[in-house]
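Shared between the two complexes below is chain A, which pairs with chain B and chain C, respectively.
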Partner chain A sequence: MSPNFLGKNITMTETAEKIRDHFDLFHQPEYADMMDNKRKQFENSVGEAEVARVSDWTKTKEYQEKNFAREALVINPAKACQPLGAVFAAVGFEKTLPFVHGSQGCVAYYRSHFSRHFKEPTSCVSSSMTEDAAVFGGLNNMIDGLANSYALYKPKMIAVSTTCMAEVIGDDLNAFIKNAKEKGSVPQDFDVTYAHTPAFVGSHITGYDNVMKGVVEHFWDGKSGTVEKLERKPNESVNFLGGFDGNTVGNIREVKRIFELMGVDYTIFGDNSDVWDTPADGEFRMYDGGTTLEQAANAIHAKATISMQEFCTEKTLATIAAHGQEVVAFNSPIGITGTDRFLQAISRITGKAIPEALTKERGRLVDAIGDSSAHIHGKKFAIFGDPDLCYGLAEFILELGGEPTHILATNGNKTWEAKVQALLDSSPFGVNCKVYAGKDLWHLRSLLFTEPVDFMIGNTYGKYLERDTGTPLIRMGFPVFDRHHHHRSPIWGYQGTMNVLVKILDKIFDEMDKATNIAGKTDLSFDIIR
Partner chain B sequence: MSRLADKIQDVFNEPGCATNQVKSEKQRKKGCSKPLQPGGAAGGCAFDGAKIALQPIVDVAHLVHGPIACEGSSWDNRGVKSSGSKLYRTGFTTDMSENDVVFGGEKRLFRSIREIIAKYDPPAVFVYQTCVPAMMGDDIVAVCKVAAEKFGKPCIPIIAPGFVGPKNLGNKLAGEAMLDYVIGTQEPEVTTPYDINIIGEYNVAGELWQVKPPLDELGIRILSCLSGDARYHEVAQSHRARAAMMVCSTAMINVARKMEERYGIPYFEGSFYGISDTSESLRQIARLLIARGADPELMDRVEALIAREEAKAWAAIKAYTPRLEGKKVLLITGGVKSWSVVLALQEAGLTIVGTSVKKSTKEDKERLKEMSPDVHLIDDLRPREMYKMLKEAQADIMLSGGRSQFVALKARMPWMDINQERSYAYCGYVGIVEMVRQIDKALSNPIWDQVRSAPPWEEVTWEARADAANAADAAQSAAAAMPAARVA
Partner chain C sequence: MSTAVAESPADIKERNKKLIGEVLEAYPDKSAKRRAKHLNSYEAEKAECSVKSNIKSIPGVMTIRGCAYAGSKGVVWGPIKDMVHISHGPVGCGQYSWGSRRNYYKGNTGIDTFGTMQFTSDFQEKDIVFGGDKKLGKIIDEIQELFPLNRGISVQSECPIGLIGDDIEAVSKAKTKQYDGKPIIPVRCEGFRGVSQSLGHHIANDVIRDWVFDKAGDKVATFESTPYDVAIIGDYNIGGDAWASRILLEEMGLRVIAQWSGDGTIAELENTPKAKLNILHCYRSMNYITRHMEEKFGIPWVEYNFFGPTKIEASLREIASKFDDKIKEGAERVIAKYKPRMQAIVDRYRPRLEGKKVMLYVGGLRPRHVIGAYEDLGMEVVGTGYEFGHNDDYQRTTHYVKDGTLIYDDVTGYEFEKFVEKVRPDLVGSGIKEKYIFQKMGVPFRQMHSWDYSGPYHGYDGFAIFARDMDIAINAPIWKLTKAPWS
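What follows is the complex of A and B.
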């Protein structure tokens, strides 16, 4: 017993013998009392009834109208910034160091973001611009930065992107890099690609696009005028662009397996599957795997380039097409029909038949869906995330007879909106569904109250919506911070689709169990067989 | 063992069953089911049958005496529901090991019973005999007797080890155990002229509860259900019922018949599947009760209820007609099949193109023919034949139990489960509407388009492939049937 600052004696339940962590500690009476007192005496809190009233009001149609009339404020955006996508793209190349020209704080964000999702370190440096750089320009930071990172981390290539700070003052990356090379920061023939990636334009998918376009232009168009432009000599290979993808580790491996089964000569353009999945064997791999620089250059000769995510690769595909290649874009195809289209495109381009092994996988998927789709049929879903993923998931849900009631992408544009609408119009299950481009998760919150759905598919940030609205969250996309290792499972191909199916079903059955698991009360249908 | 053999012979002689009575003495001794063919696919064993029949008695501890196989595979494996105790879902077994096999398992069994009573205090312990202890000679009747005396608690031996025969025999042996040890051992506090037993109804997915509300409304009390959502004391008091309805006739006809002999409880065989069958069953119940002293005005109330409920149900089904009109259905079912289900499906606009008649009477078959002249009557349910038939019938959907599901899917046939393990209840006036709703839902499931179409790059259609598979099958069976010709 000891008197607290109010002179009141309290008993501390925390003892050295039994240390409680944050899950339990603050539920102990002394903390509960303290917080209660604070609320009553110092926080000028309104009564519980008033809190409840306002809370209920935010669930109404009236509030939704006000919410959707928002003009300036964005609340809980489901998107990230361009440089994040830039770093994602950069680490997909062999021994490539992402170098972000701008303030170092931003870079710390990208690294922690990726580490939390992939449970792997992400190597990335910054030119650490400070106040004087902001005033006088960041040239010196570029010169010193490139020299230091080249000397310290021995990369084979450096991929420069920018933060807002450098973009606001208008630093010219091409000129800066040339300058730095002249000053001897890195050898003249050392590969430094660049892309302007201000966060105030677009989102992480734009950043991915810009870096990929930068890499293509660097290798194919004469490395900023330092060498001859490559001449395209078409061969039979295909290039593959995955796009910004939270499941990249599993997806890229699955796509490689499919290419190999079909006997296709392929180049994964930006392969992050190894760098974000390094083994624990005593060796720290700052770089691992990735598209080799030679492959990146030779990719110009490919017959065609396939992008798995159209809205992640708009500029890159245009650039590639301008070099004379056929480009084919998908929207994160998930499901039977989506995967059929993907495989048929590969088959058409390469002339290789779809092998029996894949036909069997398809049959197994059809079988699995037949076994359990009755549980998904008629269920309503809200889907949020990146535009392509939203499209792929919505198509799959329609295929299962589910209704993707709300489809929302903060970084979706009008073209995307029209495309998703066309998809909805093509299915009887899409009749009551709506697509929302440029809306945020606070908009979605209103929708989940006024037009409730059975399940929600999206990234970890959906858990707040799950808590507020009681809509169970199926985690998919980026980031997934609060569940581990999802990025290892593919969601593309028939096998990837199978993973998505199982994930959805697991959640449906979990909810069924939850609704029936109170002994003696709700457990009538707490069944072993579902 | 001789006792068990006698019991089995007793069960094989069933005066209540017309099929049984036309058999010769010799035939009858061989039992009801076709003898098992070594090497062929087989259904469940007698133990399984006994367990299934009694497990729905919810407040009893069901203790399986044997190695882990028996309880491990049967633990809570049917979706039977309880409105109270969940003890029936707890898996109790003696989990016999090698040592028990060498030294005998009786002591272990006795201790297991003691522990169950100490920990759970159930109204009774049912002890199931299985193959291994039966072969070793563990005398579970003796163990149960000693345990019952010692602990003052009914311990009921269920003697149906797997090797004595098929599942259906196990159902009947379980019924015998109830007759020998449970029924008539307790007296109800009150009885009314409106007390009935329902025999052979297991409350799968809560089906009993679809039938109970109309009975409640009529003031008819289910004194005991054998065994859906039953309590031990209800079964023990069931001998005081005034009439009985037998639902799944092949399972427990011996119980119904012997209760009539011993306690004078008249019974009829009825069904709650389909609208007209439900109505007819209600009338029968009323008829039997009135014959035994219930007020004849009961029948008026029954008729009023029937008129009201039938109108509601038909209207609800009719609403589906525009969506279901012309759709073709195959009915491949065990228990859940009667012409009244057929009637309901037809009312909803569906056409029955084929049905299994393995468990149907001659009368049923004639009726079916009358109602839909083009119907295929299917006797053989071997997967290969079923596959062929599924293909030939060109049905839009097959309604069947879980076992045929997989064949259906391989034959690319939409399918809906209406037997055990199902998640929805299809009994009574509401159940049949639910069934039509589920059929509608299953038919509109978009996956069937995928199931029926080949991969877009495949040039051979699924029909062609299925034809080829069947032709190969036919050729193979033809070749196998004529080995002599081949040699010559």
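What follows is the complex of A and C.
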């Protein structure tokens, strides 16, 4: 023990016998005192009473009104920018390297963001534009960049998208790529798809849509005028688009299993389930799996295209429809009814019957819900996330007898709002729910104070709301940074829905136990059977 | 894994030369020539590492670098906890940098502190076409209304701001006036400026000079000065690093009046010119403002290194040497007190880590600063490089590295993978983008930006955690199971 400048004795808290982690270490008295002194002496802090007063004020209806009157400031939005979705879509094709034209820092961000969610590498390059490119345009960056990427990473295809920098200065991707090919950066017949993905339009789901549309147009419409357009010769196959999806690894595998059980000839258009789930066996696979380029081209002949997420694929579906295919869009179907509709649509399109195995899975899910829904019935839920996921989750909660209360999508639009409202209107459990398009998580914070709910479903950022409002968070969507491997579990299909059910129930039971686990005080109903 | 056979520096240099030659062969000629300047072996006794640095990255190669916005908002400004930092432009930049750097702070988030929040102007097409200045003004008004306890606002420019000709300085000045001199600070850290995060640090430092110091001149410190007042500069309190450092400085009798910028406040920035000594950890990101304070306010500065007991000991003495005997005695007392405890940590972990080889690739100060901590555990750093270092970083690196150490500046994904594949270190220390690549290859890994969500790693407490974490990584049983018995 030795005295510090305040005359207080400081001892060291870490010893070889007991090494504390940060969540323990900094609550030791030595550190707690140090932080208190720092605040009192040097931070010009307003004092605890004033902090408490303002904190209480932020929980009021009055604050909520001011908060909802915001016209310009966005706080804690539940959306990212287009280029992120562009990379998500691009890595779904065989040996495809996403190439983002613009500032390089953006690419570092997308790669980090995906790696934090999937716990996997994400390969993607930038054309590294700097000030001179801002003045003269990024053509040289495209020419050198494509040449370097092609030489180093030996892709089968390069999918070019843009950052806001390239969009503001107006770089013309089609012309640049043509130019780069003429300069020999990549062979003339090498597949380079492109999509303009300005960050100041839409969100990550728009970026997904634009890249998918770009890939469709590239392969089906003559590769930017370099080859003949493909002529559609309809066959019996079905294309499937998953949309931007935090559970893509588990979901795509589940959908494949369903297609195989039904005997459907299918193409997953943009299959990133392998590249974001490679084994640790001594080899780093920069590319793995993915939709082959032949499959991408041949997808034109499919009978129909099914999109699992309508609001992620609006332009892509319109483009596909214009080629003569039937297009069917869902809103991240979760639950019995949603999955029924999905399977019935596949069955109708392909003429294949829904096999007994899937009917049995349905029965098991009904059975499980029947066993457990008493615990969910009447519970209030806040749901936030991407538009389609919000819809799918809301439909499932209604099915469970739960009551969606706040549904919020920062990247939702008026059409989405109306669609979710129609869903709520269809159920007596939806009468007390409001839908919020274009609002952010600071809006939701106010709502959770003024109109509290029992549980909240959303991504990792919801943990700040859980801390502030005490609403338990059930993690679902993208990103989930602070829990591991959830993306491996499907949430689609009857089996996927079972996973969602178990997650909701686990949280409910955990909360029940937490509320009843103080010996001699609250443990009257600390039951061994729930 | 690395073999136990000792290689001579000459052998290693020969191997490195071959290895560098091999990776360069994969590039088109023009790019190979450019990259060749960034790769080398360290030659003992040389005063630099013989690599070029702080040069534009080559397009299309998968550089690991970030941008000026990341350097300003993500590093320098973001941790100032009682200010609201607006990510000004489209939604993404603020979203990807939201809460991910683990700059710990104490406060009531959303009320008197705002560190783990994402404030953005969420630019739409109309803002690009018509300009965002009016929107920015409105945003500042809304912040004032909803967050009355904020002590200042910074405007962190994203790429479009500088391209569309917005005048964020004019808006900031007008709003400062409207709100009675409140610090409202425009930062021109558009991501396309410069070649990496580094220019963002510099811009952020210059903005503190111009918009904090120059405007805080007549504010009076809320405390009485003492002869022992110091400021911690360039510690971002990742996982609590600055706290684990501050506690030692206080214990030796110094008084820390400011933390730049981890767990920092605008009041601390404004009061720093009253420090008797600035002590600088991350030289790269904050040498600019430290030099400015030396020139303008006559505050001397000293670099220090709080990774591992050997370097901590030397640093405590170096810092103490700038003060009187009371502090010198304080430093000796602190060193003596912790010595047996550190020895116990080393005794526990060194036998498990002795002789293990490490390759690093990080930013800021870490490609050199952490080497001593590894050596305290009997480990050897065989390769290192900087994401955004300058020549003065590589000069400083010579004090740390051994003859023949492989040096790679602004390494590309391709190069790093090949280097690790051939050198086969027992541990790689780099970032989240690299982590899973090397773990797939069966090479243990620790994130040396975020401490892999652990930390602190600074100070004596930090070293205990560092030692344990390196053991966790290297001696995890899973790395022996990567090959199926039948394959």
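Operating definition for what follows: the second predicted complex is superposed on the first by the 509 of 530 C-alpha atoms of A that agree within 3 Å, B and C clash if a C-alpha of one lies under 4 Å from a C-alpha of the other, contacts with A are read in each partner's own complex, and residues count from 1 in each chain.
Simple rule for what comes next: contacts are C-beta pairs under 8 Å (C-beta built on N, C-alpha and C of every residue); 3 or more make two chains touch, one makes a residue touch a chain.
None of these values were measured; they are calculated from a predicted model.
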Sticking to the clash and touch definitions up top, decide whether chain B and chain C on chain A clash or fit. fit
Which holds for A:T522: it touches chain B only (first), chain C only (second), both, or neither? neither
Name the chain, either chain B or chain C, that contacts more residues of chain A. C
Is A:T60 contacted by the first partner chain B, the second partner chain C, both or neither? neither
Taking the superposition as given, does A:T359 touch the first partner, chain B, the second, chain C, both, or neither? first
If you stack the two complexes on chain A, which partner ends up touching A:S426: first (chain B), second (chain C), both, or neither? neither
For A:N174, using the defined touch cut-off, is the partner it touches chain B, chain C, both, or neither? Pick first, second, both or neither. neither
Look at A:G370 in the shared chain and tell me whether it touches chain B only, chain C only, both, or neither; answer first, second, both or neither. first
Does chain B (first) or chain C (second) touch A:T226, or do both, or does neither? neither
How many degrees apart are chain B and chain C as seen from chain A, counting from C-alpha centres and rounding to the nearest 10? 110
Considering only touches as defined above, state whether A:L25 meets chain B (first), chain C (second), both or neither. second
So after superposition, what is the minimum Cα distance from chain B to chain C, given in Å? 33
Taking the stated contact definition, name every residue in chain A that is touched by chain B in one complex and by chain C in the other, in rising order. none
Footprint of chain C on chain A - complex, ascending: 2, 4-6, 10, 12-17, 19, 21-22, 25-26, 30-31, 34-35, 38-39, 41-46, 50-51, 54-55, 58, 63, 66-67, 70-77, 79-81, 83-84, 99, 102-106, 108-113, 115-116, 119-131, 133-134, 141-142, 144-149, 151-153, 163-165, 168-169, 198-201, 203, 278-285, 442, 445, 461, 464, 468, 481
Per the touch rule, the chain A residues reaching chain B in their complex are 336-337, 340, 343-344, 347, 353-354, 359, 362, 366-367, 369-371, 373-374, 377-378, 398-401, 427, 429, 519-520, 523-530
Note: in the complex, chain B contacts chain A through residues 75-77, 79, 81-83, 86, 206, 405, 409-410, 415, 421, 423, 441-442, 444-448, 450-451, 455-458
